[in-house]
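These are the structures, in C-alpha cells.
Each of the next two complexes has chain A plus one other chain: chain B in the first, chain C in the second.
And now, the complex of A and B:
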C-alpha cells in the first residue's frame, strides 16, 4: 500500500512576533520587518504526511503552496525535511484572493496533479486564523474531510482512523480515501531538517529564482530535474478566470479603521511595596476583591 | 425568503450558548431589516429545541430529526444546509466559530460560492458603494473584525453573494430572551430529501465531550498573562495570584503560542471573550485582537514594564514594573490585609 499525498502549506508573516520594532509610528505593522515563515500548523501537517511515508514505502509527499515567488522557500523547507517534491502556484491573477478564491485555485492545481489519495492541511494560517481553506478545498473536490486531527491511529482497508481534538474533548473517526485532513498544533511536531536532504536540495529552485541569479546555470537543472521546483501559473491549471483573485472573492473589505482607544482616567503606579499595599487595600475596601 | 438563518449547535438536546447569542443578534438585525429569523436544528431527538429557542424570537424553526445526524459529521450537515439555503435563499446566515461551525461554515460557503467571515466581533447593517463597478448597495451585513497589521478593524461585506455568512465566537454577543411566549412555527424537514447515503461515509467511533474544567468565561476575576511573563515558572505566579483572589488564569495568544499556557485559556478575538469584574493583565502589550476579548471588563489593572504599552490606555491602574516583582507583592499584601 502506498499513497499520493499533497500537503497544502502557506508562507505567512510571523504574526506571533510582532515586537516593538515591527510597529510603525502610526501603530500599524511594518510587514516588511516581519519574517516570512512556514505556517506553524502546516509543519504539523507535513509531519503527518512524512509519517505515512515512513510507514508505507512508495508513498509520495508533494507540497503545494500558493504565493509570491519567494514562497518557493516553503517547498525547499519541505524538501529538507523529507517531502518528495513541490509546486508553487504563483501569478498576479491570484492576488487579492479571499479564502474562497484561494481554495478554488488550490483545488484546480490539485486536480492537475493526478490521482491523489489524501490532502493534508494545517488547521489554520496564523495571518488570519480562519481555518477555512481546508474544508473549502474538500468541498470543491467533493471529498470527505476530517478536521482538527491530532493523531492518525490507523490506516487499513482503504480507511484512515483519526483522533480529533475538539474544544471540549476528543473524537475518533474513520474516513475512506480519498479524503482531506486538517492538522492541529497539538499533533506531533515536525521533524527537523535532515542534513543530507538539506545538502541535496540546497540548490532546488524555481525557474523564476534561477532567472534572477547572477550566474548562468547552463544545463545544470536539465541534468538535475529533481532540483527543479515546478512553478505553475494560470496557464497551467484548468480554471474559470473570474473565479480567481479579486473577482473570485465574494468578500470585500469595505473599510479599514484605525482604532484609537479612548484612554480611561487611569492611574499610573510604581511597583514599590507601599504603592502595591495601598492598591490592595483599596481593592479590598471597594469589594473588587476579597 | 431572504431571511436570517442561524445554525443551531445542540449537545444532548441542549442548544448551545453561542447559538442563543447568535439568535439574539439575528433577532435584532431581523427587526432592522424587517425580515424573519429562522433557525435550523439538525440532530436526533430534537423535541425540546423549540421551547428553548422560540423565546429568542425565532419565527421559523426547521427541524432535521434523524438518528444519522447525531453526532455531527461534516457531509450530511453540509448537504442539509446547502439544499435548505438553495430553497430558502436567506440573505444572512450565522454559525458559531466553534469546532463544528468552523468545520461546516467553509464547506457551505464553498458549495454556494458565498463569502464567509470568521470570528466577527461586531455585526451591523449598512450601505456600501462599489465605486469601480458604479454600484451601490443598501442593507448589507457589515462583518466587523480586527485585522492583522496593528490596531485596525476591518469591515467586510459580501455585496453580490448570498447568504452573507459569518461566524462568531461564544461570548462575543449577548443572549437575551425577547419574549418567553414568542410564537414561532416549526417545520419538519424530510431528511432523506436533503442528504444522500453517500454523505455518511465518515463514522464516529468514539466521542468524549467533557464539560470544560476551566471556567474562564464566568470567572469574576481574571489574571491574564502575556509573552512578557516570560517563562512557565513565572506563569505559576499568576496561578498563585488567581488562586488567592479566587479567579482564573487567562493568556494572550503570544503566551499560548510560546507554550506558557493552554489554548483553552486564550482570551481575545480568536479565543474567549470575558467580562470579569477585575482583569489583571500581566506582561500583555494590548494588541487589538487581545483587547477585543476583554475590553468590557469592569476594571483593568495592567502590570507592564513599558509605560507606553497600548494596554495602559484602557487600564484603570497601570503598575509600571516587572511581573516577577509585582505579583509576589500583590499576593503578600492581599493576604496581609484581607480579614
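And now, the complex of A and C:
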C-alpha cells in the first residue's frame, strides 16, 4: 500500500516574535521587518505525511505552496526533511487572494497533479488565523475532510483513523480515501532537516530563481531534473480567471485597527504530569517564568 | 528559532582558517566523490557551505531540543531494566532527532553512508552538542569508534558495521575493568578463538563503560593466554544483539553527566570479531582511539565552557544589586572576562589541534590508497607529531578550564547558583569528570612532557612568533617572547638536575607554561584575523604571563631535596 500525498504549505511572516516595526502605520503587516518562515502547523502537517511515507514505502509526498518567487524556500525546506518534490503556484494574478480565491487556486493546481489519495495541511496560518483554506479546498474537490487532527492512529482497509483535538476533548474518526486532513499544532513536531537531503537539495530551485542567478548553470538542471522545483502560473492550471486573486476574493478589508491585547487566549489543560511538564517547558521557553 | 551555531560567530571564524583549503582538499581527495554522490562537495567553497548547512542543523537541534531536555535528563537519568539500559526520555528524544537529521557518521566516508566531513566541522558539532548537554555528547560522540573501525578493521567488518553507525546505531568503547583503569595493561577480559567456527568469544567483566548497552562495541580483551601485559591484548568488535550474552549488571550513580549511562557489563560467550592484528589492541588501536577520545573531551570541555559563559553572562546582566547590574562591578566583570578568555583560548587550542589531526588523518587515509610522495610523507609526520603534542595539552587545559569556568559561573550566580533552579549547578557537576576520564590531567602531563623535552612545543611557538602580525599586536608578541624565554630557562634548569623524580614533579608546571604561551599566540593570531578576539587575547596574555612567572618562580627556588617534604 502506498499513497500520493499533497501537503499544502504556506510561507508566512514570523508573527511570533513581533517587534516594534512589525506593523506599518496604516495597520498592515510590515512583511519586510518579519522573517519569512514555514507556517508552523504546516510543518506539523508535513510530519504526518512523512510518517505515512516511513510506514508505507512507495508513498510520494509533494508539497504545494502558493506565493511569490521566494516561497520556493518552503519547497526546499520540505525536500530537506524528506518530501519528494514540490510545486510553487506563483503569479501576479494570484495576488490579493482571500481564503476563497486561495482555495480555488490550490484546488485547481491539485486537480493538475493527477490522482491524489490525501491532502494534508496545517489547521491555519499564523498570519491570517482563519482555518478556512483547508476545508474550502476539500469542498471544492468534493473530498471528505477531517480537521484538527492530532494523530493518525491507523491506516487500513482504505480508511484512515484520526484522533482530533477539540476544545473540550478528543474525538476519534474514521474516513475513507481520498480525503483532506488539517493538522493541529498539538500533533508531533516536524522532524529536523536531514543533513544529506539538505546537501543534496540545496541547489533545488525554480526557473525564476535560476534566471536571477549571476552564474550560468549550463545544463546542470537538465542533467539533475529532480533539482527543478516546478513553478506553475495561471497558464498551467485550468481555471476561471475571475475566481482568482482580488476579483475572486469577496473578502474586502474595510478598516484596520490597532488592538492592544488585554487577555491572551485561554487554554484548557488536563491534569496529567505530562501536560503540566509541557506547560512548564513552554513557560520557561517563552521566558514567562525562569 | 534559536541556534547554537548561528549565535556564535567564533565557530564560523574557525572555518575560515588559512589551513582549511588544504584540509578540505586532502579529505576530499580533490573532490573525487563529486560525481558519485549528490551530497558530495563540488569544490572548496561548496564544502565549506556544506559544513555550515549541517552545523546549522545541529545548532538548531542543540538549541531547540537537546538543551531544553538537559535538566530533565539530569534528573531522570537512565535505568537498567532486564539487563538493558533504558535512556531517559529526553536522551531518547535527542538521539532520535540527531538520527533523523543524519548526524551520525559525520566523518565516515560516503561509501559507508557518512558525510565524509573533515574533523574541524565534526569537532565543532561535538562542541555544540556539549554546550547543549555535555552528558549527551558522550552518546553522540562515541561515533568516534567508527573511525577506529574505518582505520583498522578488515573490509568485511567495515561493510558490516559502518553503515549501521551512519544509520544511527550507537557505539561504546569497552576498555576499563575493575582492576584496569588508567593502567589498561591489566585488562583481563578473555577472548578465546574457536577455530571450528572461526569466531572469537569474549568472557569477563567491564566496568565504567559509557553507553555500555550500545549496538556496536569495541572491546579490549586478552587474546593471548599466559600474558600479563599490554602485548597480550587484542581489539574486538562485538555486535550487541541484546541476546543476553552481554548483560548490563548495573549503572553507576554519578556526580554529573547523569544522562550518560556508565555501565558494568558481563560478557558471557559473546561472539566477536578481531579488529586489525592480534596483540596490537592496546599498543596501536586503543592509543589511536584514545587520541580521538581526548580530542572529543577537548570539544566537550569547550562546549561546557561556552555554556558556563553564556549562563554567567546572562545572569550578571540581569541581576541587580546595590542599584545596578552586577556585571558593572569590577569583581564580577573580571570573572566574566576570565571565563571568556579561557573559553576562547581553549577553543583556539581545540581547533588548532583538530587541524593537525585532520591533515595527518587524511594522509593516513591516502596512504592506504597509494604510496605517499616524499614531501607528503614529511608533511604527514610533521602534522602527526604536532597532533600528538597538542592533544594532551588540549585535553588538560580545556577540561581544567571547563571546571574553573563552571566554578566561576556558580560564583557569579551567588546563592542562587547553589540552588537547583539554575543550570550552573548542573554544569558544575558535569564538568568534574572532564579532567578525569580518557586520561586524567596528570596522565596528560605524562604524554605532553616529552614534547617539552624534545622541543615540539618550542618549535611550534617559534613558528607562531614568526607569523606576520599587525603592528598594534607587536607589544603582546614581545611579552609572549619574554614568556618563552622564561619557559626555556625553566626547562633547562629542570633538565640539568638529571633527577627523574624531580623532572616528573616539575612536569606539570613546564607543560602548563608551554600551554599558556601556545594559547597566547593562538589568540593573538585569531585577534590579528578578527577583532572579536582582541579583548580575550589581551586578557589571556595577562593571565598566562602571571601563571608563567608563578611557575618559573617556583621552579627557580625549588631544591629537589625538598621532594621529601611532599611525601606523606
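Throughout what follows, the second predicted complex is superposed on the first by the 245 of 290 C-alpha atoms of A that agree within 3 Å, B and C clash if a C-alpha of one lies under 4 Å from a C-alpha of the other, contacts with A are read in each partner's own complex, and residues count from 1 in each chain.
The criterion applied here is as follows: a residue touches a chain if its C-beta (ideal position, glycine included) is under 8 Å from a C-beta of that chain, and two chains touch if they have at least 3 such contacts.
Keep in mind that what you see is a predicted model, and the values were worked out from it rather than measured.
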First (chain B), second (chain C), both or neither touched by A:57: neither
Partner chain in contact with A:196 - chain B first, chain C second, else both or neither: second
Partner with the higher number of touched chain A residues, chain C or chain B: B
Contacts of A:279 with chain B and chain C, given as first, second, both or neither: first
Chain B versus chain C as contact partner of A:114, first or second or both or neither: neither
Overlapping contact positions on chain A, where the chain C interface meets the chain B interface: 277, 281, 284
Residues of chain A touching chain C in the complex: 191-200, 202, 224, 277, 281, 284-285
Footprint of chain A on chain C - complex, ascending: 38-40, 49-50, 53-54, 57, 60-61, 68, 72, 97, 100-103, 106, 115
Chain A-touching residues of chain B, taken from the complex the two chains share: 71, 73-75, 78, 98-99, 102-107, 109-111, 113-119, 128, 130, 142-143, 147-161, 201-212, 221, 245-246, 253-254, 257-258, 263-264, 269-270, 277-278, 287-288, 291, 299-301, 307, 310, 312-322, 325-326, 329-330, 333-334, 336-339
Chain B-touching residues of chain A, taken from the complex the two chains share: 13, 15-16, 18, 23-24, 26-29, 31, 40, 98-100, 103, 127-140, 144-148, 161, 166-176, 185-186, 249-271, 273, 275-277, 279-281, 283-284, 288-290
